[in-house]
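Sharing a structure below in structure tokens format, with a few things to ask.
By letter and in written order, the chains are A, B, C and D; residue numbering begins at 1 in each of them.
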Amino acid sequence: MRQVSFRDVGLKYTLSPYEEPVLHVKPGESLKIEVEDASSGQIRARGDRRDRSQIPFGNPVVGPIYIEDAEVGDSISVAVEEITPTIGQGATYFSEFNEGYLSSPPIFRLMKMRLPREPKICKIEDGKVHFSEEITIPYQPMVGTIGVAPHPEAESISSGVLPGRHGGNMDLPDIRPRSTVFLPVFHRGALLYLGDVHAAQGDGEISGTAIEMPAEVKVKVDLLKGEETVWPRIETEREVMFVATTSAGRSLEDAIRIAFLELVMWLEERYGLERFDGLMLCSQVGKIKIGNLWTAAAGIEKKYLEMLR
Amino acid sequence: MRQVSFRDVGLKYTLSPYEEPVLHVKPGESLKIEVEDASSGQIRARGDRRDRSQIPFGNPVVGPIYIEDAEVGDSISVAVEEITPTIGQGATYFSEFNEGYLSSPPIFRLMKMRLPREPKICKIEDGKVHFSEEITIPYQPMVGTIGVAPHPEAESISSGVLPGRHGGNMDLPDIRPRSTVFLPVFHRGALLYLGDVHAAQGDGEISGTAIEMPAEVKVKVDLLKGEETVWPRIETEREVMFVATTSAGRSLEDAIRIAFLELVMWLEERYGLERFDGLMLCSQVGKIKIGNLWTAAAGIEKKYLEMLR
Amino acid sequence: MRQVSFRDVGLKYTLSPYEEPVLHVKPGESLKIEVEDASSGQIRARGDRRDRSQIPFGNPVVGPIYIEDAEVGDSISVAVEEITPTIGQGATYFSEFNEGYLSSPPIFRLMKMRLPREPKICKIEDGKVHFSEEITIPYQPMVGTIGVAPHPEAESISSGVLPGRHGGNMDLPDIRPRSTVFLPVFHRGALLYLGDVHAAQGDGEISGTAIEMPAEVKVKVDLLKGEETVWPRIETEREVMFVATTSAGRSLEDAIRIAFLELVMWLEERYGLERFDGLMLCSQVGKIKIGNLWTAAAGIEKKYLEMLR
Amino acid sequence: MRQVSFRDVGLKYTLSPYEEPVLHVKPGESLKIEVEDASSGQIRARGDRRDRSQIPFGNPVVGPIYIEDAEVGDSISVAVEEITPTIGQGATYFSEFNEGYLSSPPIFRLMKMRLPREPKICKIEDGKVHFSEEITIPYQPMVGTIGVAPHPEAESISSGVLPGRHGGNMDLPDIRPRSTVFLPVFHRGALLYLGDVHAAQGDGEISGTAIEMPAEVKVKVDLLKGEETVWPRIETEREVMFVATTSAGRSLEDAIRIAFLELVMWLEERYGLERFDGLMLCSQVGKIKIGNLWTAAAGIEKKYLEMLR
């Protein structure tokens, strides 16, 4: 199995069509990607701080990975197979960014105050994350940032903010082993990026950081020739869901509405469920997942798809 | 066990301090409340339509129920024990209101178009809701609207919109049998209202209506003397969560932030978990539930409370 | 001319259908209303503080004023003719409420900090407001809160938050002498309330308080029989504008969209300008005014109405 | 005076650090920039339609223009001196994009309906824009899109959506002759882009298009060495204002709060007005301008700055 590591190809801070591919893979191929954590490795021990003079950005990714035969208008799928911590620990911490996360207006700056800066270093072992002496959390790893180079010929979007139709920093706990993410192709080769792995993360990632860890991620990449994707779709073992984001000035309510309406129109197209019946169905059995506060997913259990066949 | 039915005491369309109590109960007492459905019983069969010339409002409730000894600054709890459908069916449908739900701006009116008006009548039997010939949904009943008369001396808030600190039309699926809702007391006697029962409902209630059904709800009411509540709290078998709403012009993101910060400060007060540690913990294990699009709840599993004792 | 003063009829903190009218007036009649300031008179001198143990609410209003012959489905107009300060001064200050205004999530409470509490007492004389030794502001008085008892039979809404279709706490600087406000009638007699007068206020009222002053307001009330109003309309000497609010969980963007779409449909109905032409016109000459952050108005100059006759 | 025209250097659809400069200018230099309209010239006559198969993007810009000596951490200023229409007409129209502008959720797609597609072609002469036979609008030209290559080393942002700290598609009518825009420098040479000129535009640009025209824009560019800019600032003849945007999932309320807090902290730094006094002042005399619905500016009249000297 082919492997690519940030140690060899470096860290990127945007999802961009302007970078040289770090690897070419064939549809159907599995590969291992070794990624650094969201602090770019700056926070490994108590006393460590994010040093923005060295690394101004967060959330590094590895990529772009070129998927052969992928062309504009196709879709790719990325099945997450395994996530393995590489140093047996993760960290969670507050930085300036987290202050902006709790409050969009610069209240912290106005009031000349700060959140505490001491990180929590959390050992990961035996399927558990040691959050503190008292508190142990199940190890439920997930991929925070996954996406393709956005928009034909044009945009290069930060890996740290602004998820969008291209995926990006969605921080959805459902992107975990045994889930598959479907993404649009905006550029030849799709140009996949991945990073920002979490040992555990709650809905909303409300402090702005999860248990951020360096990790090795095993994925299987595939190509859906001629299949167009408007917004990312996730299939877990039990559910199918569509993602929409608040970037471009949408409210989270509107992101939820978008995700459900995409689902509803997909149910009509794929399963012949008339769109208003689908809307009524989603109102009874729909599930909403909130990633970070910029990202919503709306889905239903696959058992309802079975009923429609 | 005492009982109160809308058949005897009528339907109310606001949560109000201006109404005479329909029942007085003692702390610790269980009672049965029979409620009409959200259409005020206008939609029982195919061909039925909401007739707003007869009943301009939606979401009728039964109340107010006076809880003895409840005084301003106390809290009450309402444990939902059983929910039983009274006519063996529910209905879901689109009305003008639902159009406004999909789109706040009056796009439907601008474009002179409407959602289809034919309701779906769904039989409920053997623990199942018959949504259509192909689709069957588990019967998972819940209380859509529960709250107290808002704000001291003053406000009377519609039962159909505008959930708030007083509770109201939250449409949270977690308000179901074996859950307890904690509410602030703004008026002597608390003045509890309840209605809008659903046989099933998805997160977000995206079409604007669930499987709306008339039902009998068995609850046990209790009083928490001297305990102040800022926003409603829900305890399910496994989780504890705080509710916040977007009324008063808050974004859903801000409602989620509010709910988590209430939880964090409550964890500090009750369990001695320092607030920034609590915020970090919620970022790893927090759960977000979206009721209707005006209501968010943020919580954690109770097992983490056990670790803190 | 008839007069009504808060000294005689007291202060109200909701717009409510449950109160006895304090005055009956005929359509076409002018009257003087003496109102207290938004602090209920608690802040008159340096060192004064809002004491919420005495008066928990803000923004008192005088009313309800019963307009004869006004019936559900009519509209009323209130022309503001004169605003006169009654004690020659106003005040601006921060209270807990203002902290919530800068940040919906309870960041101030989380961080255990406060905005400074010392009020600024501002003399008003010779058409000027003395903000500080260096800074003088033109005296441009306006009515912050004006509205009717909301929704038929039902709601009673705080005068301090939650503007809506009934008007209420809109804080729009355009509600000033020589402007007329048009409001829907939801109850027999319309039940008008007014208060919260400002000697000056900027767009957005960003600190949460304007130059709050007790004042005498001369208005002329009229009745538009059979004319239905969906959202309040304001006519100034030069402009006509529609108001929409973010209460009920709408975003400010959606409030702006609503206000423009109401304007567009009104232009079609009144002036025969086809709605999509009207939408295109508003995109070129539309004006947006932001009252407090919950309220937007969208309008155009009346000269364009002249072109359409 | 040096000139650059889209006829020679082509159209760009992103603000990007990856493009070769089309011109190098010295600080203090004036230049003329000839730009195409927002439809890339596709809409010139009745019957014309946007053809997205040819040009998928909107809002082309000319650039990047390299400002000599500009380095990361500096600011640049761009004074708009003259705007001249090049073909004596402009156009306004609805496209798919405009449907998304009225409603973020895909209601138009769900309901299988469209806005009318016929453009309005508007002659510009004698200081007037001929909107229709009846309606004439003053010629008040402005620059819709102006900005620099965003974020160090990294992002390339669409010129058609997503204004941000780098400027971009702000559509603020105050960016007009005799106004100066101050922008941060994120890359050596600043890399200025400009386009999307309007013969007239209302607040909010509510239909999604203004009177879009090809034009020649005369600007004077200058460099503010060592002066850092967080969000763009605009100085008109009478006002100074800060811009903030809703991209990255902020609400418009939060954009307004950000713009005012930036202003307040700038007033403290530059004029010694203590920040909370500044906040109180803005609450009395602040002005809010809404560009497109993603962009807010908050400012005050310069006469208040005079009082502070």
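The rule is simple: a residue touches a chain if its C-beta (ideal position, glycine included) is under 8 Å from a C-beta of that chain, and two chains touch if they have at least 3 such contacts.
Note that the structure is a prediction, hence the values are computed from the model and not measured.
Chain pairs A-D and B-D differ in how many C-beta pairs they share in contact, with the greater number at A-D. Least-squares overlay of CA atoms from subunit B onto subunit C yields a rotation of 180° to the nearest 5. Each chain gets one centre point, the mean of its Cα atoms, and the points for subunit A and subunit D are 32 Å apart. Subunit B and subunit D have Cα centroids separated by 45 Å.
Of all residues in subunit C, those touching 2 or more other chains are 102-103, 105, 107, 110, 246, 249, 251-254, 257, 261, 293, listed in ascending order.
Contacts from subunit C toward subunit D in the complex involve residues 92, 94, 102-103, 115-116, 120, 129, 131-132, 134-137, 200-211, 246, 251-253, 256-257, 260-261, 276-277, 279-288, 290, 293, 298, 300, 304, 307-308. Every residue of subunit D that touches subunit B in the complex is listed here, in rising order: 102-103, 105, 107-108, 110-111, 113, 249, 251, 253-254. Of all residues in subunit C, those touching subunit B in their complex are 13-14, 16, 18, 56-57, 104-107, 109-110, 151-158, 161-162, 245-252, 254, 257-258, 261-262, 264-265, 275, 293-294.
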